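Input: structures, listed below.
Here chain A shows up in two complexes: once beside chain B, once beside chain C.
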Partner chain A sequence: MAGRDRGLFLLRRFAGTVVVVALLSVGMFGLLYLAPGSVQQTLLGTRPATLETIAAIQARYHLDEPLPAQYLRWLGGVLHGDLGTSVRTGMPVADMIGQRLPLTLALVGYGALLALLVGVPLGVVGALRRGRAADRLVVTAGVVGLSAPPFAVGLLLLVVFAAGLGWFPVYGTGEGLADQAWHLTLPAVALAVGAVGMFVRFSRAALIRELDQDYVVFARARGLSGAAVIGYALRNSLVPILTAAGLIVTGMLAGTVLVEVTFALPGLGSLLVDSVTFKDVPAVQALGLLFTLLIVAVNLLVDIGYSVADPRVRFGGRTS
Partner chain B sequence: MKESTGTGATAEPAIRVEGIKVRQPSTGRTLLSEVSFEVAAGESVAIVGESGSGKSLTVRAMLGLLPQGLEATGQVRIAGERVDDDPRARRRQRGGVVSLLMQDPFTLLNPLRRAGRQIADGLPKGADAAVEVPRLLAEVGLPANVAGRYPFQLSGGMRQRIGLAAALAGGPRVLVADEPTTALDATTQREVLSLIRRVQRERDMAFVLITHDLRLAFSTCDRVMVMYAGRVMETGSAAAVRHEQFHPYTRALLAAEPPADRRLAVIPSVPGAVPAHDAAAGRCGFADRCSLAVPECRTGVPEPRPVRVSGNVREGRLSACLRAAELPAPPAPEPGVVSRPPVAAEPVLEVRDLRRWFAGSPHPALAGVSLTVAPGEVVGVVGESGSGKTTLARCVAGLERPDGGAILLGGADCSDYGRMGRAAVRQARRISQMIFQDPYSTLNPARTVGATLREALWADGRPAGPDDLARLLESVGLARDMAGMRPAGLSGGERQRVAIARAVAGEPRLLICDEPVSALDVSVQAQVLGLLAELRERLSMAMLFITHDLAVVRQIADRLYVLESGTCVETGLADRVLDAPEHPYTRTLLASVPDGSGDWLD
Partner chain C sequence: MRGRFPAVARRRPQVAVAGALAVLLAVAVAAVLSPWLVPGATDQDLVLGITGPVPGHPLGTDDLGRDVLELLVAGARTAVPGALCVAAGSMLIGNLIGLPAGYFGGWADALAMRWADLMFSLPALLVAIVVAGVLGGGYGLAVAVLVVLFAPTDTRVVRGAVLEQRHRPYVEAALLKNLSAWRIMTRQIWPNIASVTLANGFLNFAYALVSLASLSFLGLGVPAGSPDWGRTLADNRAQLLVNPWAVVAPGLAIILTAAALNIVGDWLHERVDRRGRAR
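Coming up: the complex of A and B.
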């Protein structure tokens, strides 16, 4: 029973993803087409726009075909595992993405880890000291973090820690693990500041709610130690914190665009910006596809996390 | 020590509480004051009162477990040790000296931790969980393998047993239980209570039971203490209070509890509702509802004092009524009346072989139920939770689609509201209306009472002017200025009255009532039952009355259907079924209604 339910669930999930990706790619295709400027203009650059060169470009990139045909051609390629060739660089899109994906993943992972390690403990402190000075401090810090725009934080960090104090490099990615981590620290911090605010808010609210539950009063009433009682409540706030983590990481994927540009990092975000500016349709399409899949993967991880954290999910029981 | 009149007032009582007062500093409200009592070692005491009377706050203050934002003053001694000013002593005592069992078995356990581990968490240091946990489980009547299960894999009764085992793990000498069985089925309630009492006697623990049910208190405990509006009204031994009450409120409370053994022409109910503690400052809290009140009752707060009747002090009795000694003899119990004979007429509702099986459930919710309701007849459907009562009501009301069978309302087929035309649905709604257990969730919180009722009148094509509205409100015993209020500002009883008004606005021929009084206090329950009986007469309305409470159904139903796991096991005239039940399940249900006698749990 439960196994069949899970199979159905996965199937529905998969179908949903396919629909979202399809709509998204049609949308992006259409929007790029509608945006001012044309690919051939960009490709021509300063060259004289003779009829031959235009015809050559149009033939090469199939720009003379009607829009739906162009789209279907692209789709056919994708279904055969070919993401196409970048209009801008002439390189296969898959190679370009492959070069830049590790950096973005590392950036998001680093940022999420930082945010988690700072945000959740702060939220817990706030909840345990509810209403006191420490709590107010934590809440204020969270609000400040939430409302600071990542690129502004990034610029500030650059000015203070890289240009001013010289503790961190201004740009570049570095060689070797330690050096790379050092190079990625400021961008990851810029990305994490807002996420810390989110983690503080979610974990504090979740823990406060759990601390008010009957089972906490009952645990105290029958003499469990303070640490054991907090352990009960923390374990139960894990599920809402996981939900928040999913939202935060997907939000960070979007945040990389600005942060990578600010710190001049060659990741997916800056690739996206360049490709959109250039109307590099195959690259933009592929990136859209990739980001969607990453978001789906994050959500899947969160779901797996649920079933690890909560036996009611694991055993397919009803939550009551 | 003006209060120490407990039966076991020997050396040092297990609990001695003096002058507890609970305040909420942020609002300046006082919620509770001058609460004093003692519990001797091995003695059981029930704290009885209606919702909001301060029972829970009393024990929470006693245990130092008040909710955030509340403060207590007053002396508390537990096992001879003064603890109210000593948080460390309190922490030391928790588990080993005093332990608390809470009301709701569905929330009192950590949902993410296996039952055995939760029990083990409370064991004293150095105890061997592998030995102690199975022993505790056996003590509460559960097999050892339950230790490996999560709370969500257990039924309510089993969870409450786990709760008891966890509360007992530290070996307390005092056990406090806050309505430990209110959330359970009647039969499970009796099992769990008798288990708690057995364990209490075997371990010779002092026991404090909080309950809103006076008869249950009489059956379970040695002594009772009745509270009202944050003060103590009356104390005495269970047998003595049951025999003779020295406070008008205790009498009213007892009278409002419907008897299961006979049908009363009217259930005596006191108009009005329990006031907040501060609303009754400086006078007797019951004065506004007391038929015996004299001017002196409003000039000061009567303290609980020993009762002296014609010169003799009644041993162990305290009453906070100025006129305790001169109360008139209580009226003799009303004789029962017989329920109405069945009507031979075309039924307003006919249900044939109704079936419903929810996906994922091991057994059907309804496995072929048939019943009829004649015009003007009240038909009761009784059974425990899970017996299919609510599913039946929801199918009839069109809120649930049956898998099979037929529902005929006024002769028209209403089995599937989804396939009926608009006119047919409207016709069905004019014939039948429904009221629910929890009036709060069925009233739109954003709309005023007036707007809700006006809409109901319009829906039936009736005039909905201010006078029509006032008439409708009066018909359910509400003042006309209530129209401007929103549900959040109403008490539970008032909300249920609004829900009833909405349902009867169009004078339906059939009213479907799903546990309409089970969320209400006894005195409010008596008022609402009285209202339903009156409406039934006036509108000659039939009712399908769903309840788990046999005492309630006795007061209102003409005929009964007894449901067990989706099948009807017994049917007949209400008097016949309840006086001479034929099916063993009906007998079990009847035995689980507390009768107030001391041997009910044996």
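Coming up: the complex of A and C.
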């Protein structure tokens, strides 16, 4: 019984996800027609408009077919791993993405880990010391953090820690695991600052809400130790923190674009900006779809996380 | 134990709010008066080029020999109007859709909320980069794209506030008086939710300022050479060893202005809405 309900819950989320991806894939396909100038010109890029190049585009994209047929043809290619050819470099888009995906995943993973390890404890401190000086400091620092755009933070970090103190390299990605981690540290911190601010805000609010509940008063009245009570409250504030984590990590996928440009890192974000600036529509379409899939994957992971964190979901009870 | 579980939260730090208001005042003055305060902010001095602080240029110059301090002041005039347009535009759309959605409910409401859910799950900046970039970039386009992307959040906030008011006695009294739905929405309910939308507007203002600066930083906003904080950062990041102030000054300006807007927005939210902020 419980297993079936949990399965149903995930199945419904999954179906919703498929609809979202389908809608966004139509949007991504539409980019080709959104770009200024004719579609043919867009796909030609800087290549000369000779009979051969036009014929090649015609053979590949079938621009005379009705739009739904073109969309299905494009989607079919995508599903078979054919993401098209970059107008800018002439390389298959799939290869370009393959080269750059690891760096972006490492950067976002590193940044998310930093944000979680710093943000949630700070939020807990704020909630436990509510209204005191420590809380005010945490809250204000959190607001400044979530206001600061990653590129501004990144450049300030470069000025202080790379150019000023010389602790970290200014550019480059490094060789070997330790060296790469060292090179990625400043970018990851720049990416994490805003996320720390969000984690502080959400975890503090969630824990304060729990500490105001009746069960906390009763547990304290029964003489349970402070640590045990806080343990219960923390456990119950996990679900809202998890919800926030989904939003925060998807936000970091946008932030990584700014960070990669700031630190001149060869990741998906800098590829997106280069492609967008060059009007390399096939590459932009593929990258947009990939970012969509990453966002959707994060949201699905959060949904699975719910059922682990919240017994009401796990045992198939009513969730509201 | 009383200290660990205080029964009533004390008031938020008023010092931070006062500081934030001071920052906003300074930015507003710079935005309005910069043509008279720094008429030659974009004057280039290619002979001087980029240099650190020297007499006459307290924060040094950028790569085109422009005074960094003057650019900083002039940058406020670029940063504020666009962000204000985004906040006001999305507030307007949010009210126009959110009021009837919350008041009437039904399938149109459900559709509007699914749309808001979809937009909420996508990072606005990422969509703005793709759409503004493919369409060719530019400040006006960036503002328009952000209005469309921000409007769902406003819609949701307005709808939620309307739902809370919907079954209050004064609305039922107005219904009994046979007032039209339009009149109840605009004259009876709206004054009660205006403060919530205003507080949300401040938060949108902050987010719009940062987003516009980000787009300009990526070269998708203002044209090259414009006195814009994000653009100045992008133009000078290769020179941060020669004159770090050319990077530090606009970077701090963006962070401080956005933080000040968020602090004031949070403060307003706490005063008008017990449930806290939406974003």
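Heads up, the rule we're going with is that the second predicted complex is superposed on the first by the 241 of 320 C-alpha atoms of A that agree within 3 Å, B and C clash if a C-alpha of one lies under 4 Å from a C-alpha of the other, contacts with A are read in each partner's own complex, and residues count from 1 in each chain.
In this text, a contact is a pair of C-beta atoms (placed from the backbone, for glycine too) under 8 Å apart; a residue touches a chain by one contact, two chains touch by 3 or more.
Since we're looking at a predicted model, the values are computed, not measured.
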Assess the superposed three-chain arrangement around chain A: do chain B and chain C clash, or do they fit?
-> clash
Tell me which partner A:L23 touches in the superposition: chain B (first), chain C (second), both or neither.
-> second
In the superposed arrangement, which partner chain does A:R220 touch: chain B (first), chain C (second), both, or neither?
-> both
Go through the superposed model and pick first if A:G98 touches only chain B, second if only chain C, both, or neither.
-> neither
Compare chain B and chain C by how many residues of chain A each one touches, and report the one with more.
-> C
Does the superposition put A:A309 against chain B (first), chain C (second), both, or neither?
-> first
With the two structures laid over each other on chain A, which partner does A:P68 touch: chain B (first), chain C (second), both, or neither?
-> neither
After lining up the shared chain so the two structures overlap, which partner does A:Y232 touch, if you call chain B first and chain C second: first, second, both or neither?
-> first
Dual-contact residues of chain A, meaning touching chain B and chain C, are 130, 220
The chain C residues in contact with chain A across the complex are 1, 3-6, 9-10, 12-13, 16, 118, 121-126, 129-131, 133-136, 206, 210, 213-214, 217-220, 230, 233, 237, 240-241, 244, 247-248, 250-252, 254-255, 258-259, 261-263, 266, 276
Please name which positions on chain A make contact with chain B in the complex.
-> 1, 130, 212-215, 217-224, 228, 232, 235-236, 309-312, 315, 317-320
Chain A residues within the chain C interface of the complex = 20, 23-24, 31, 34-36, 128-132, 136, 139-140, 143-144, 146-149, 151-153, 155-156, 158-159, 163-164, 205, 208, 211, 216, 220, 226, 250-251, 253-255, 257-258, 261-262, 272-273, 276-277, 279, 281, 284, 288, 291-292, 295, 299
Of chain B, residues touching chain A in the complex | 63, 65, 67-68, 91, 93-96, 99-104, 106-113, 121-122, 150, 152-153, 163, 166-167, 169-170, 360
